[in-house]
Amino acid sequence: MTKKKVAIIGATGYTGSELVRILVNHPEVEITMITSETYAGKNITDVHPFLQGIADFKLHSVEDIDDANADLVFLALPHGVSMDFVKRFQNKPFKIVDLSGDFRLQTPEVYEEWYQKAHSFSQGFSLAKFGLPELFSEEIKQSNLVANPGCFPTGAILGAAPLLVGDYIEASPLIVDSKTGVTGAGIKSKPVNLYSNVNDNFKAYGLKKHRHTIEIQEVLGAAAGNDIAVQFTPHLLPIDRGILSTIYAKPKKSITDNDLQEIYSKFYAAKPFVRLRNQVPATKDVRGSNFCDIYTTYDDRTGMIIVISAIDNLVKGAAGQAVHNMNLMLGLDESAGLNLVPVQP
Amino acid sequence: MTKKKVAIIGATGYTGSELVRILVNHPEVEITMITSETYAGKNITDVHPFLQGIADFKLHSVEDIDDANADLVFLALPHGVSMDFVKRFQNKPFKIVDLSGDFRLQTPEVYEEWYQKAHSFSQGFSLAKFGLPELFSEEIKQSNLVANPGCFPTGAILGAAPLLVGDYIEASPLIVDSKTGVTGAGIKSKPVNLYSNVNDNFKAYGLKKHRHTIEIQEVLGAAAGNDIAVQFTPHLLPIDRGILSTIYAKPKKSITDNDLQEIYSKFYAAKPFVRLRNQVPATKDVRGSNFCDIYTTYDDRTGMIIVISAIDNLVKGAAGQAVHNMNLMLGLDESAGLNLVPVQP
Amino acid sequence: MTKKKVAIIGATGYTGSELVRILVNHPEVEITMITSETYAGKNITDVHPFLQGIADFKLHSVEDIDDANADLVFLALPHGVSMDFVKRFQNKPFKIVDLSGDFRLQTPEVYEEWYQKAHSFSQGFSLAKFGLPELFSEEIKQSNLVANPGCFPTGAILGAAPLLVGDYIEASPLIVDSKTGVTGAGIKSKPVNLYSNVNDNFKAYGLKKHRHTIEIQEVLGAAAGNDIAVQFTPHLLPIDRGILSTIYAKPKKSITDNDLQEIYSKFYAAKPFVRLRNQVPATKDVRGSNFCDIYTTYDDRTGMIIVISAIDNLVKGAAGQAVHNMNLMLGLDESAGLNLVPVQP
Amino acid sequence: MTKKKVAIIGATGYTGSELVRILVNHPEVEITMITSETYAGKNITDVHPFLQGIADFKLHSVEDIDDANADLVFLALPHGVSMDFVKRFQNKPFKIVDLSGDFRLQTPEVYEEWYQKAHSFSQGFSLAKFGLPELFSEEIKQSNLVANPGCFPTGAILGAAPLLVGDYIEASPLIVDSKTGVTGAGIKSKPVNLYSNVNDNFKAYGLKKHRHTIEIQEVLGAAAGNDIAVQFTPHLLPIDRGILSTIYAKPKKSITDNDLQEIYSKFYAAKPFVRLRNQVPATKDVRGSNFCDIYTTYDDRTGMIIVISAIDNLVKGAAGQAVHNMNLMLGLDESAGLNLVPVQP
């Protein structure tokens, strides 16, 4: 069988190298090109020695993209940069999975408000589908441009969607208290990811205005069929990978733990990467894998529902989900190449 | 000047050794006895070599307590054990700071409900004062028995008290999403503090029924003058020391960041260990010190107040606060011996 | 094609669960039984929730072993326990890979000296082959009992063997300064793997008498064809997985970096899991994978050779190497199921 | 009593802020100025919020130095920058402790060879004393310019000096295998201190040519009275603070553990910051303190001596030792202000 051909634009960042890590063992896809403007001409193993003997691929300039003969291209580029490539590639014969935030929101206006930046390709918004396969697999299959969800939104939306779709909770702010590993801040050295600023430390950041707030709010609002408010607070964990979100919601009427389990089981039936847990999940339970682990409970003392979700931000929150989207877009089995067992301990 | 004499019962656990770390440099107090039933006869440096040359003290059995001639005794014992010593010491000439949870709650009945254990000295409840100096310094000065607050309650109560005392927030559940370092689980080896269960990992625990819930709720309810509900969710951080609590509350009426700063400044005026911050605090900003750092903000998009507090669970959340209480009980300057600069990085 | 059948005795420890992690994706092998005397009757996901949806296997008692119809059995048991099972299984129709230290040394006498324990099955010594495939693949293929090497010996022997086999270095003590992750101490909670004893900390241990000393010395001595002395000093790193060994040796005559590269390239030609590096390796470069990364250099200022090797102690140092041995013993491709890409970051 | 006045040039780096942490509690010294060219005009708490309420000091430009009326000035500046300030300050009325590497070596020629940089003030070499108080306290007391030792050299020299001064070991290369925390790389963000490059990772670096090699070799050679060769290999630990050095030496004649203890006890008698340990030390045993912990043993199987030393690189390896030097230079008690208890856990 002929393998599908894919290229990765921006292969040396964390999401790019994670795509390589996953795709080298994908049974039906081959990487025909990887690019990096910074390191073009070098080998990716010069930048990421862990890939020696596994992916001794030369890094190209994106100018060479046509030589890839790609069926699908991953854009693993920073926010604000990706949009120019989507524009530039709009008439190319390949499909695109864009891992940036540039096409995740509903309108350019909302984008500009939350990203504080003009958008260069507003036509893209009508083409792009939000690539959360558990909610939108049919749209994704038909699409040529998929906006891969943000890491925080992936965990938050999967955690809360069943409650909103089923109209079980009040419109009072949904509280999403999230904690993320450091790789979410990217591979470039800066104070936020300086070792001694993170190690043996913990803090909140981006209060009230983190860009993922609006992404969560838009998708969950659409799921609910009405406007909702999301109070999203990210925190920085001294770990490499992983996001754990603790979600607090007030139910419209009395509910039980059994009800919650039934609601979630039904909602995620036949979804291979959601694991409903009967213990509280830990980020390490999903590390290196494409799983989203979810735990739900109701506190009748306070009348609140608590939902906890855990993902690996680089896999289910980025590269793994991108491969899942690729599988859907290329007509492959949705789980192909994603049999990644969590690395624990 | 004659120094006051103190003894530490249970000196080899984390709070016990932290008391030693602090008290060896206290200008007006000397340690005249430390005890450990497990290691009686050995030197504390056999258990904690970091104290070599600093506190080469012999560990006694508690049976020797009268030889200490103590003005004040610290009980650094497990919950459920401490109560027996408080009972046994009730006619001794020394004052007591009890670092366990045995006398923090309002009645033996509440204790038994949340600790799932019969209480052996219910008379102690009327004698014990809750040792949070920022709220109760006058009662503490008059008391012979102080119940040193729990680590989570210290950060949560200091974070929320100004809002409840001033009647600024709704009675809907106060959400306290807390994250703690591992030393909170004690020095005894068990799966919860096994390195590879914690390192590069993060999870919630004790949902809905952690014992500190009721401690927070009782003290804040009393501060508010009416019953409140607290939704408290602890999480385990891969760090040694530190608790960060993110608190969500709905104000009764519109409020601003300036209002909040004014409310907190007034409430904590002349409190030497509360630092009101204009940036989001991190646990490492207070590591090794007796500070509680607090940040407040209002989100007018959602109509919610967010308060973040940070403490070192072994200092402000245990041994430092115990020394603070001791200072008050012995008539010393409240800050004596507590000029501990955070160790950062 | 019919898959080979394997069983894992002692599946809930770190090496046992790592065998499960690797074998569930092995294309030519199926796990037909896993055992645990402690948890028999439970599911392995009760102990290791990260395996939910991947390996929802029941844990048996070893009494059920015949039901496994196994072609090969892994013994992932503590030292001193494993020997009894090798004895008990000596007439069983399956081959054995023993991951303990019980059959790695040359004689029961040496075992008893270094392990301070009587050996219960001295006949096993003549049957067992030392399972380091890079040196002994032919013997392993013919064997029914393979003693899987210790974690430290794997890295140390692979690092030094080319120098000793080729007679390039002096007999003065070979210095092996090794640093290991915490999982080497096993899954049972004890002070050595207590989080706060390890985190933000580093120390040496087992000076002069660690049991792996003799294992390294015997194998390298045999490789050299004469007695050698090994000064082996292990240290404990605040990481989960990984061993880095820094080896110091005095060459018999002047040598260059190029000479060293040539010696090692020739020695490890066609060895799929040794990666000769031209940068200094890091433990994370091999984390989760079966690679041993090696770097060599000569310091003409001091006249010393320095060799650095890095492995994942749970993979190349235990479960991965065991699967490699299994592949050889069952006549499979030696790399089957071991296409594990390092998880980095 | 009038306090002595000191200034810190370059107060916002790790050694600068550590000097502030220590000096704010020094009983006989006051900080009259701190400087930073980058942050001049701001408060140090803007850069290091952990100092809020403790050291709310304005950051000056070094141009203001005369206003400090300093008795002594600390230069906490990068290598290659410090020399210009020593030159510029040569006629100032204050003494200088230079924490950089610019005046630690014996000649400008050696400096230029190992630092690959021209030296701008070669006259300084004859003025500067090497500030290791355990070896050179008399010279330090008389000096106006002290070159504070490097972090690695401090631990290595203190570990090996008694053996070389007493002529107990062979001239064959002294092997110093050292492991350091990340703060040794400074506060500026770069790949070497990027969190995910360090966390759960370990590697060697600077093989054969690290600048501290020559510093160790020169000082130990002078102590021995003849040339020696040092094989120094640094490694990077995933910890903030701490250096552990494992030193291997061949004795000239047979020796015992008791002999070693006697040699070291005599050598370090009355040295308040060296703790001779009868267990293997850990870096956390000295964290935050000015101690150097040393353990010695002899392996009669191999005929080698092993010495292990542990320090906190920011305290005994930098700021604490600088304060120790200051105490000697200003005629204060050598331990004044250095009663820092290790922070453990």
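We just call them A, B, C and D in the order they show up, numbering each chain from 1.
Heads up, the rule we're going with is that contacts are C-beta pairs under 8 Å (C-beta built on N, C-alpha and C of every residue); 3 or more make two chains touch, one makes a residue touch a chain.
Every value quoted in this text rests on a predicted model; they were computed, and no experiment measured them.
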item	value
Centroid comparison with chain B (C-alpha atoms), farthest chain	C
Selected pair, greater C-beta contact count between C-D and B-C	C-D
Cα-centroid distance, chain B relative to chain D, in whole angstrom	36
Whole-Å gap between the CA centroids of chain B and chain C	46
Rounded Å distance between chain C and chain D, as computed from the means of their C-alpha atoms	39
Sequence positions of chain B contacting 2 or more other chains	14, 183, 196-197, 199-200, 238-241, 281, 284, 287, 345
Chain D - residues contacting chain B, complex	14, 17, 21, 24-25, 48-54, 183, 199-200, 240-241, 275, 277, 279, 281, 284-289, 291, 293, 339, 341-345
Complex contacts: residues of chain C adjacent to chain D	172-173, 175, 177, 179, 196-197, 199-205, 207-208, 229-231, 233, 235, 237-242, 244, 246, 248, 250, 280-284, 287, 297, 299, 301-304, 306, 308, 310, 345
Chain A residues touching chain D - in the complex, by the definition given at the top	14, 182-183, 187, 189-191, 193-200, 238-240
